[in-house]
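Consider the two complexes below, in which chain A is the common component and chain B and chain C are the respective partners.
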Partner chain A sequence: MALIRSVFQDELDGVSQSLVDLTQMVSASISKATTAILSADLKLAEEVIATDDHIDTFQHELDARIIDIIARQQPVASDLRALVTALRMSADLERMGDMSHHVAKIARLRHPGGAVPAELHPMFQAMGTAAEKIATKTGVVIATRDTVMSLEVERDDDEMDKLHRQLIGTLVDPSWKHGVESAIDLTLLGRYYERFADHAVSVSRRVYFLVTGTFA
Partner chain B sequence: MALIRSVFQDELDGVSQSLVDLTQMVSASISKATTAILSADLKLAEEVIATDDHIDTFQHELDARIIDIIARQQPVASDLRALVTALRMSADLERMGDMSHHVAKIARLRHPGGAVPAELHPMFQAMGTAAEKIATKTGVVIATRDTVMSLEVERDDDEMDKLHRQLIGTLVDPSWKHGVESAIDLTLLGRYYERFADHAVSVSRRVYFLVTGTFA
Partner chain C sequence: MNLNANENANQESGKTMTTSVQPSSLSSVASANPQRTESQRAQGTGLETRGIHAWFGKNHVLSDINLDFTAGSVTALIGPSGCGKSTFIRTINRMHEFIPGAAMAGEVLLDGKDVYAPGVDVTKIRLQIGMVFQKPNPFPSMTIGENVLSGLKLAQLKVDNKDDLLEECLIRAGLWTEVKDRLDTHGGALSGGQQQRLCIARALAVRPQVLLMDEPCSALDPGSTLRIEDTIRELSDTMTIVIVTHNMQQAARVSDYTAFFLSEGGPGHMIEVARTSEIFSQPKDQRTENYVTGRFG
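Our next item is the complex of A and B:
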C-alpha cells in the first residue's frame, strides 16, 4: 500500500512538473513574440507560431496522462481535486500560448512593416517583460505552492492592467496620428497581453485555493 | 449493481441537462446584450451583467457536482472521459457568458450614447443573431449528440468569421468617419462575438469527439 501511494505521489509530482514546463514554454513564447513584434522579425514570428503547436501537443499529452491517473488510481477528496485543477491549469497555460501565437501572427501580417509605432515600443516592451515575468512566477507558484507569491502574481497583473489602460488612453488621444488600422492592431495586441496575464492569475489562484481551501 | 448503474446514468443525464441549461442561459444573455448595445438600453445591459454572476454560480455548482460524481462513482474509460469533457464544456459555456457580459459593459460605458454607429446596426444584429443561434444549436448538440448538427455549428461559425472580417474591413476603410475610439469599441465587440462562437464550436467538437472518438 505504501508502495502504491508512492507511485501515485510520483505521478502527481510529474503532473506538477509538466505544468511548470508549460509555464516555461509560454514564458519563452511571449518573450519571443514581443521581440518579433517590436523588431518586425518574421523568422522569430514563424518560430513562435510553430512552437504553439508543440505547446498544444504537450498539453494534450499531459491531459491524457492526468485522465489516465484518475482512471487508474481513483483518487478522492484532495487528490482528485488537485488532478481536476491540473486539467484547468493546463487549459489556462495552453491559452497563454495561444496569446503569444496571436501576437506573432500580427507581427507576420504586418511584416516587413512594424505593427507598433516607435513611440509605443517602451510600453510594449514593458507589457512583454511583465507577461514573461508573470508566467515565470506562476511556474514557481506551481512548483513551491507558495501562497504569498501567488498573491504577488495578482499585483503583477495590476501592473499589466495599468499598462493596458495607458495604451488605450494613447490610442484615443486626439494626438494619435497612426490611423485606425494601427489602432485596431494595437487594441488587439493589448488585449492579448492582458489575457495572457489574466490566465496566469487564474492559475495562481487555483494553486492558492488548493493550498488554503479558500479564495484570496 | 443494476440499480447503482441506473443512479449513475441519472447523474450523467443530469450533468448533460445542466450543460443544456447553460447553453440556454448564454444564448439569452448574448441576445439581450446585442439588444442592449444596439438600443443603448442601460437597464438591459445591467441585467446581462447581473445574470453573468448567476451563470458563474451555476457553473461552479455544476463543476462541484461533476467532481463529486467522479469521486463517488469512480468511473473509468468512456464514462470518465464524458465527465472530464463536461468540465471542459462548462468552462467554455461560462466563458460565453463572459463575452455577453463584456458586450453589455461596453453598452453601459457608452450610455446614453450608442457604441455602434447606425450603419453598422445590421451587421451587429446579424452577429448577435448568429451567436444566439449557435448557442441554441450547441444545446441541441449536447442533448441529442447529433454529430451532423455538431458540424453545422462549425459552418455557423464560418458565417460569424465572415461577418467579423466585414466589420474589420469597414473599420479600416478610408471612408471610416467615426474615429479611433469608436473603432476600438467595435474591434473589441467584434472579438467578443467571434470568441463567443469559437467557444460554442469547441463544445460541439467535444460532443463530436465523445460520440465518434475522432475529430471531424
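Our next item is the complex of A and C:
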C-alpha cells in the first residue's frame, strides 16, 4: 500500500495533469472553432459545441476532486496555493472552452453562409492561431511551472490585443460595406478570441503566484 | 515574539509577584476576540530566552534557542519528535534541571530577570510560569474545588475570596458551567477533557504570567480539543502562552506565532520563527515547508 503522503503527491500531480489536459482541450476546440467559422463547416461547429459539454464535465469533476483533496489532506503552504489556484485556473480554462463554443455557435447560426467576409479571413486566421498557441503554451507553463514562460504568455497576449484593435478599426471605418449584422457578429467573434487569450494570461499569472507566492 | 520592534515599547517592567491573589474582572474573558490586533493585546511583561542549550548527560539535545515571547501572545512550537520542544519549555520554568544528569545553559528572562539567577526561588518561578502537561494530572482524591485552589495552598498564598477565585478560574478554563453544581466531587471523576481544563484552572489560580502547555490536547477527543483551544485564545488576552503541539491544524488555529524546531541528527535547534499565518502559507525555509506540508517528520 502506498504511503499517505505519496498518495497526496500523486493527487497533486493528477490535478496538475488535468489542468494541462484542459489546456489541450481548449486549444483544440478554439482551433476547430476557427476552422468552422472560416469554412462555414456545420459539422465541425457542432463538434466544438458538443466538446464544450465534455470540457464542462471535466472541470466539474476536477473541482470536486480538488475539494476532496483539501478536505482530506488539509494542505498548507505551497500545496494549499497549488490547490486553491487550480480551482481558479480550472474556471478560467472552462471559460476558454466557452469562448470556442461561442465562436462555433456563430458559425452554426450563419450556416450555410459564412460569418467572416473573405478579406478578414487572414485576420481571424491569425487570431485563431494566436489563441491556439497561447493555450498550448499555458499548458506548458502549468506542467513545468516555468515562471519566465508564465510572463511570456502576457506578451503573447499583446499580439492578440493588437489584432483585436485592428479588427475594431476595420469595423468602425466608414468604408465598411457588410452591414450592421455582420459587424455585430465580428465584434462578438473578436471579443471571444480576445477574452480567450485573457483567460490564458490569467492562468499563467496564477502559476506564477503558486510558484512564488507573490503576484507578478 | 519581537518581530516588531515597537511591540514591547509600552510594556510595564519590573512587575513582581504579589503574595495576595485577587479575582480579576471577568469582563475581559467575555470580550476575548481571536481577531485581535497587536494594539489590542494585553500589554505586560515579556518572556525571553537567550542562548538556551540543554543536555541529558553528555547528549547535547538543544542548541542556542533565542526567542522573545510577546506578552499576551500564543506561540506554538512545532517540530518532529526529539527536536527538543518539550525540553525547551521545561527549561523555561526550571523543570529540566530536575531530571538526573540534565544540564542547561543560557538565560530565561521574565520581566528582564533571569529565572536561573542565583538566589531565585524555583517555587516562585513556577507560580509565575505555569505548566499544563500532555496527560491530565488532577489530584484524583481532591475535589474539583480543592484541585483548583491547591496551588495557593502549596505556595501558602492568601486569597480574600476563595469562592470568587474558584469560579473565575473555572470560567476562564471553560469548565464552570459543567462543574458548578458538583464542585465537591473528585477531580478523577471528570472526563479526560474536563480533567485537562481542571488542570488549566488549577494553573490559573496562582495568576501566572506565562502558561506553558506541552501537547495539552493530544489525549483528548475533538470536542474537548476545541474547548481547550477556545480557552487558550481567551487566556491569551491576559497572559503569554507557549504551546507544544504535534497537531499542525491546532498550531495554525490557536497561535499568533509559530517556531519550528528540528534536530537534523544533532541537538535540536530553531529553524524558523514567524507569524503563524506566514509559517503555514509561505515559510521562508524549505525545511519548514517540507515539515508543515507533511513531507517529513
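Convention: the second predicted complex is superposed on the first by the 214 of 216 C-alpha atoms of A that agree within 3 Å, B and C clash if a C-alpha of one lies under 4 Å from a C-alpha of the other, contacts with A are read in each partner's own complex, and residues count from 1 in each chain.
FYI, a residue touches a chain if its C-beta (ideal position, glycine included) is under 8 Å from a C-beta of that chain, and two chains touch if they have at least 3 such contacts.
Treat the numbers as computed from the prediction; the structure is a model and nothing was measured.
Trainee: Is A:80 touching anything from chain B or chain C once the two structures are fitted on A? First, second, both or neither.
Mentor: After superposing on A, A:80 lies in contact with both chain B and chain C.
Trainee: When the two structures are overlaid on chain A, which partner does A:168 contact: first (chain B), second (chain C), both, or neither?
Mentor: Only chain B; A:168 stays clear of chain C.
Trainee: Kindly classify A:209 by the partners it touches after superposition: chain B alone (first), chain C alone (second), both, or neither?
Mentor: neither
Trainee: May I ask you to name which of chain B and chain C touches more residues of chain A?
Mentor: On the superposition, B touches more of the residues of chain A.
Trainee: Of the partners chain B and chain C, which touch A:181 in the superposed model: first, second, both, neither?
Mentor: first
Trainee: Which chain A residues come up in both lists, the one for chain B and the one for chain C?
Mentor: Overlap of chain B and chain C footprints on chain A: residues 74, 76-77, 80-81.
Trainee: Over in the complex, which chain B residues touch chain A? Could you list them?
Mentor: 67, 70-71, 74, 76-77, 80-81, 84, 87-88, 91, 168, 171-172, 176, 180-181, 183-184, 187-188, 191
Trainee: Mind pulling up the chain A residues that touch chain C in the complex?
Mentor: The contact residues of chain A facing chain C are 5, 8, 73-81, 213.
Trainee: In their shared complex, at which residues does chain C touch chain A?
Mentor: Within the complex, chain C touches chain A at residues 248-249, 252, 280-283, 289, 292-295.
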